[in-house]
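Letters A, B, C and D mark the chains in the order given here, with residues in each chain numbered from 1 onward.
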Amino acid sequence: MKPDTVDHLRTQPMAANDLSIAYIGGGSRQWAPTLIQDLALAPYSGEVRLFDANLPAARKNARFGNWVQDTKETRGQWDYAAVEDIESALDGADIVVMSTQYDPRETFVHDLMIPKQFGIYGAVSATIGPGGIMRALRTIPVYREFADQVRTHCPNAWVFNFTNPVHFVTRALYDEFPDIKALGLCHEVSGTRSHLASIAERELGVSATREDIEVNVKGINHFTWIDEARYRGHDLWPILEDVADLKEARQQFSTEEMADESPFVDHWQVTWELFRRFGLLPAAGDRHLVEYANSFLQGGRAGLNRWGVKRTDSAYRAKHWTPAASDQTTDVEAWLAGDQDLELNSSRETFTEILAGLVGDDPYVTNVNLPNVGQVTGLESDTIVETNALVRTDSVSPLSAGSFPRPVRSMVGTHIDTIETVIDASRSGDLDRAFQGFLIDPQVRSLTPEDAATLFAELVDSQVDYLDDWDLTGSTVLSETE
Amino acid sequence: MKPDTVDHLRTQPMAANDLSIAYIGGGSRQWAPTLIQDLALAPYSGEVRLFDANLPAARKNARFGNWVQDTKETRGQWDYAAVEDIESALDGADIVVMSTQYDPRETFVHDLMIPKQFGIYGAVSATIGPGGIMRALRTIPVYREFADQVRTHCPNAWVFNFTNPVHFVTRALYDEFPDIKALGLCHEVSGTRSHLASIAERELGVSATREDIEVNVKGINHFTWIDEARYRGHDLWPILEDVADLKEARQQFSTEEMADESPFVDHWQVTWELFRRFGLLPAAGDRHLVEYANSFLQGGRAGLNRWGVKRTDSAYRAKHWTPAASDQTTDVEAWLAGDQDLELNSSRETFTEILAGLVGDDPYVTNVNLPNVGQVTGLESDTIVETNALVRTDSVSPLSAGSFPRPVRSMVGTHIDTIETVIDASRSGDLDRAFQGFLIDPQVRSLTPEDAATLFAELVDSQVDYLDDWDLTGSTVLSETE
Amino acid sequence: MKPDTVDHLRTQPMAANDLSIAYIGGGSRQWAPTLIQDLALAPYSGEVRLFDANLPAARKNARFGNWVQDTKETRGQWDYAAVEDIESALDGADIVVMSTQYDPRETFVHDLMIPKQFGIYGAVSATIGPGGIMRALRTIPVYREFADQVRTHCPNAWVFNFTNPVHFVTRALYDEFPDIKALGLCHEVSGTRSHLASIAERELGVSATREDIEVNVKGINHFTWIDEARYRGHDLWPILEDVADLKEARQQFSTEEMADESPFVDHWQVTWELFRRFGLLPAAGDRHLVEYANSFLQGGRAGLNRWGVKRTDSAYRAKHWTPAASDQTTDVEAWLAGDQDLELNSSRETFTEILAGLVGDDPYVTNVNLPNVGQVTGLESDTIVETNALVRTDSVSPLSAGSFPRPVRSMVGTHIDTIETVIDASRSGDLDRAFQGFLIDPQVRSLTPEDAATLFAELVDSQVDYLDDWDLTGSTVLSETE
Amino acid sequence: MKPDTVDHLRTQPMAANDLSIAYIGGGSRQWAPTLIQDLALAPYSGEVRLFDANLPAARKNARFGNWVQDTKETRGQWDYAAVEDIESALDGADIVVMSTQYDPRETFVHDLMIPKQFGIYGAVSATIGPGGIMRALRTIPVYREFADQVRTHCPNAWVFNFTNPVHFVTRALYDEFPDIKALGLCHEVSGTRSHLASIAERELGVSATREDIEVNVKGINHFTWIDEARYRGHDLWPILEDVADLKEARQQFSTEEMADESPFVDHWQVTWELFRRFGLLPAAGDRHLVEYANSFLQGGRAGLNRWGVKRTDSAYRAKHWTPAASDQTTDVEAWLAGDQDLELNSSRETFTEILAGLVGDDPYVTNVNLPNVGQVTGLESDTIVETNALVRTDSVSPLSAGSFPRPVRSMVGTHIDTIETVIDASRSGDLDRAFQGFLIDPQVRSLTPEDAATLFAELVDSQVDYLDDWDLTGSTVLSETE
């Protein structure tokens, strides 16, 4: 046999000057302009196909994308187009970006408000706890379908998933199509590294950015933990242990003080408390941590505010949604209309750095959500974990992050049990099985058994239009609570 | 070399007609007379050495033991003696019985009352949850000492541990002396089998006792689960699934209805609810189950009563304690004084059946708490699990009980994490580490972080005399909450 | 809902007086008369349906079965019938016996002779090594088909598999139908217990049978190991350690001495050598052990004989085959013809004791081959392991047997890797994948790579008619060695 | 508490311009000059302390080191000194290099020649098989002592171990001092990457070096396997599959053809054969592979030569040893004497690249031997595995390399069992236990049991002076074979 039988196409890598990018959810008002600007600043070229249930929104973003190319000092050359069906977007794609959301007025607002009526004062209610699980029930079937389409239309593509709940959703992609090359991405760990940089600046008298901070990070998205941190080789651990005993790490906040704060404010008080108790540094915003380490929610609004955390207002979330039909003028519209000047800026999201690694430029290390193939020992195989990974040409390799001390592993493991139970239930649409995952969530365990069932039924009832893939009529928990 | 060098003594089995039994806690008012009667009815002979911190109580029981021999139609011949130190009790023993308790007025009453002030309405507060963990902190060091004494004085003895919390205490015995032959014993599973017998009687129209019911049981003590049940080969599962839908399995109780009930009443409503939700049948009294599946506690007194469960009154517990110094006349005193007739009755505890198996009479199958050597897959090695075991001559072999469905495994696993964290902490007396185990207990997770710390500190403070083996002065959680 | 909806049939246990037994391979000349006599002596009744590719042989055995009932003082009442198809045999069976064999002249003789040409002097060549793997290749597809038939016709039946290689074959049954209730049975461990009884008799001056010997046994069939042995509670271990140093445990045999021995002779010299080296007592005949601990084969005939082991002559095996068409008069024929008196004797196989346990008579403990659900820790899940199990009404529960010291686990694990590789290959008939399992067999590893491939190809070629379910044409190893 | 209590020294990273390097075995004739030249070319400075049992040799190398600095255009500034005791070398070191060897005339020659007398035709006999195990027995106790010294004198140092058998030796370091930061290093994988680069050049028509080849590599040292290989993103797998079928991958060599070859020649025929059989590409020289995949040894000299592999001549090994007392003039002597010109060249060993990563220059990915913390799933924890790792400032993180197909895992696992058994034996010097590890080695399993024992005893006897830490007098295997 001759070696010229080798299928060269098959062995061909992605071409950095001819990339094909599919953007599912490309009508987004916030994320799409960001990505477009980041791409404009990256030294690559290709086409970007935007798909969105809201086609006009996708078209507007495509127009914006091409306008940026035409008018700006960009580095690469990108052609944008909105497409009418997902197949056209995915067909032959090298890169797939997934970032989608339902109308929060019909979904997310319920996730926030209904649990509150049962005394569950979730800060975000978007990735775990009753609201987060509900969001998972809506989203998992959609992403199963996406994974199936990827298998058909672009099985070798790298899929960047930004959609929450990242752990549930990324798990659904892999559960449906185990060979998918999907990365679950989130910037919470970056935020922690930035905070550590500011500590290093103050304590070591240096100048530092998050890129100077190397950490060993592990866990599940929004409940990640750091057990090593260095500023250019300086071990930050003894510094953290000292700072944890300072007044700044033992602040209390009143409800009045928090009244005018943004819901995104982060005083790190939850972080410091968990660090003192468990000896590891949590690496996500306090507003997320409280939903996983749920005792911080148990004091209601005052109890939450006391830690410097503020609940995301449902009105806020509804208002900041991204539909094109919104009555506000968006930045994109203002830029296109010339009413506002666009200064191209990198978002400091990791998307383009990862892309650079994949096309063979600089290797890049960042935190990524991936199936556990050993990077976190003590957590089960295949569940989605977040650790650092090394991005090289057409490959992403998780770094071994080791294991957890038992108490932390226990807390993380409980959430994995919920996630895996819901994923298992989603295979057949078994709502009663999903309810088992709901029942073992620590937030739900603070309710009586009756309240837990009623809460679940009310949540389902409020969003029944988004739950077509679940067996609602055969559900015992629904029929019992009618 | 000649075979006559074999050390025949070493290979000699226990002699059923010359057994040496040590009873640690032999001054007990309730358990000792029971054991004495059971032994009187067993076809074995030997000596029983009673050791108790309360020596007069042990002496009274020894007198009773010998009196029973003298006056009754007993089967074997037993000599009883109270001994002044534990070494004398253990030296060369074949069998060691351990059953001890501190004065509940100084300990258990606090375990019940202090958590209640924080809204934790534990039904028993003796084996898990804040009260149970507290009891573990007091008891583990004592049983480490006992294990050490067994190693020195009777390393080959079979040790029967009846002291609660059985999982913590049995784990401490093995952690201290890994080669100990200790069995953690409890009659909750027997109770479930008796209940199943009554169901079989009614549904199958037969006559049945617990001995007719074969089950596959697994879990940890007081949180064991059954996934197979047969009455003489009849599969009871479809019957259970039907009964779970009957009115009898969906009863609700008012606080008024429960007012005059004994705290030991068991309406199986918690059992049925868990069976319906998770598909496995819990095999412990409802009053224990609610402390492990803690959502049943979240409704306070009314919420608990609603399931037919009543909180153990602390006054009740204090009153029914067993010290010889009690002002009540005990049965033993009445029998010895001739004021009351003694009719020898088997207690239906499994002690004598296990003894029969160990000395080479009938093999016997019963539920036993032992280190996990594979009998429950999915739970970690070495932790103490409860499953059936086969008792044969000088051997006890656990039966493979298989694995759990994930949601149940998750609930069981969380408690194992608390147990193992506390055991680990007890190796060095690290109270802050023990507090980590406390923090991840689901009952405690219903408190705010501040309340959790305060509750822990108050519990420690209330019983400080019993916590000599713990590092109280170095504890951060204690110093923070002063 | 009313409890009378319970499907009473479904919960009905096997009726000991109305058993339905299917015997696959019921034309056997040796095993069938044994089973018939054992059943005649058991206090149960029912029907036995004999199925065999050789229908006349099955008919003769049926005639014999009924003749025994008519003429003998039997305890139960059994009706025998030969059936023409397997479906008729299995339909509604409570018990299925599987014991089949191909004509050894066309198969087994090759398994013995071809490896010998390559210097592999296997003693039995029937369960591991090149010959045993070859037998597995022939037999696995047939037993997949049997398992499928059981699923269709009698999914709740208890299946007794006596067919070798027991580990491969029992694994195939479970791989095809995971809910099958199949037991792999073998009398090698019984033989070891009998030998231990004779040692106990001599060393302790007692009278003992194998029933007096309790052991902890674990491993895979024909490579099982004992790490605890007691005679009525007497620990036999120190005795074994002494005996292992006696002359009797260090005998050497010449080829002349072995010339007239039966191939079934067992001098326990391999057993003692492995005991001395590894500290555990192997529990299978020496002739089997040498094929697993293959260094005993490396000295050829003299080397094997030196340990008191003799190779099974292929002529012997061919001659003692069981077809009805044999030119010899069988015992059954002689009994039926009245030429020979039949005295009913129990075979001391464990079949009827297991049956007794399953129908609810005495619980029974014996060694059984079952999927690993934790009974042997350190060996992987689901692979077929042999340990003790407790037989009770309609249930068989393995006893936890613990783990192995590493070197023994390593040796056992290597064979499991071969078994599992071949099973995996059999799912798709991938012969090259099966060859990987062949290559890692320690007997094969004593060959050069070229010889290993040639040996495999010659074995396949010699028995190609029995390998319909394998992809012979797509095999690289076959095409390379043509 | 104030943050100024932070121990700044403790958090200080290594200073690239003030490094302290200890070189254990610094008298080496080959490795030391290489290292000295590599350091001279690296942009770092500091001191290097050479320790060697042969002090004059260390002194000569120190002189050479300083001479290079004085006379060459070097990048950094290094001070060399020979020290008289290991404590002086290690005290406060940042980096420790370990590379030692006994006089091969007294050790290695026996490792090669004695097994050959038993028919074991090992190609190198230095890392596995009877000779390799023997070398491990000699070396492990020494490296336990080194690890203990590191714990005392420089616990935070990075230790580079180059001493064979790398897996045994690196394991001993960690077994003795679990917090040691030791890396086991070897260039075999680099060689494979170079070979892949040449394939890429030919098949893709490009120019390539090993740095252009990215692989996923895993296994144990000298028995590593690649399952992904890319040239700048081009998937090389389909190319390898084609090449494996070419004539070049199916060559045979005669003993005559091999007669004049260097023992280090590598024709990749073993590599291709294993690739064809098992579907993974081995990543070590063929001469090493044959000792792990031992069937290649089974044909003796001709059988080995047939694969293009040649046995390392023991004379060769003895001659190329490195003692200063050697009668040959060494390069170093020639350079110092001015008889030969020194042109500074990088060795292309990875030492300086790793050093660059550790001091905070470019992150670097290379294969390293480290305890398994999850980087290879399916192999046990803590055993030393070889995979890629990412080197960053003061940290080395293994990359997740996934699992093996079962047959390969089985072969690798068998060697791990030998390694771990010997390590376990070395804890107490139990020679009989070490012999168990010897017995399960596949090379040894091709011997009869008697030969295996005799071989072991002869090897021990030949090198008894190097085995002080083993219990020779209590060994059963030695006493039996006297």
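Some points to look at:
Just so we're on the same page, a residue touches a chain if its C-beta (ideal position, glycine included) is under 8 Å from a C-beta of that chain, and two chains touch if they have at least 3 such contacts.
All of these numbers come straight from a predicted model, not from anything done at the bench.
Among the remaining chains, not one touches chain B and also chain C.
Chain centres here are C-alpha means, and the one lying farthest from chain A is C. Inter-chain centre distance (chain C to chain D, centres taken as mean C-alpha positions): 46 Å. Centres computed as Cα averages put chain B at a distance of 55 Å from chain D. None of the residues of chain C touches two or more other chains.
Shown are all chain pairs that touch, namely A-B, A-D, B-C, C-D.
Touching chain D in their complex are the following residues of chain C: 273, 276-278, 294-296, 298-299, 303, 406-407, 409-411, 413-414, 417-418, 420-421, 424, 435-437, 439-440, 442, 444-449, 451-452, 476.
Across the complex, chain D is touched by residues 1-3, 5-7, 10-14, 203, 214, 216, 228, 230, 232-239, 242-243, 245-246, 359-360, 363, 365, 373-377, 381, 388, 390, 392-395, 397-403 of chain A.
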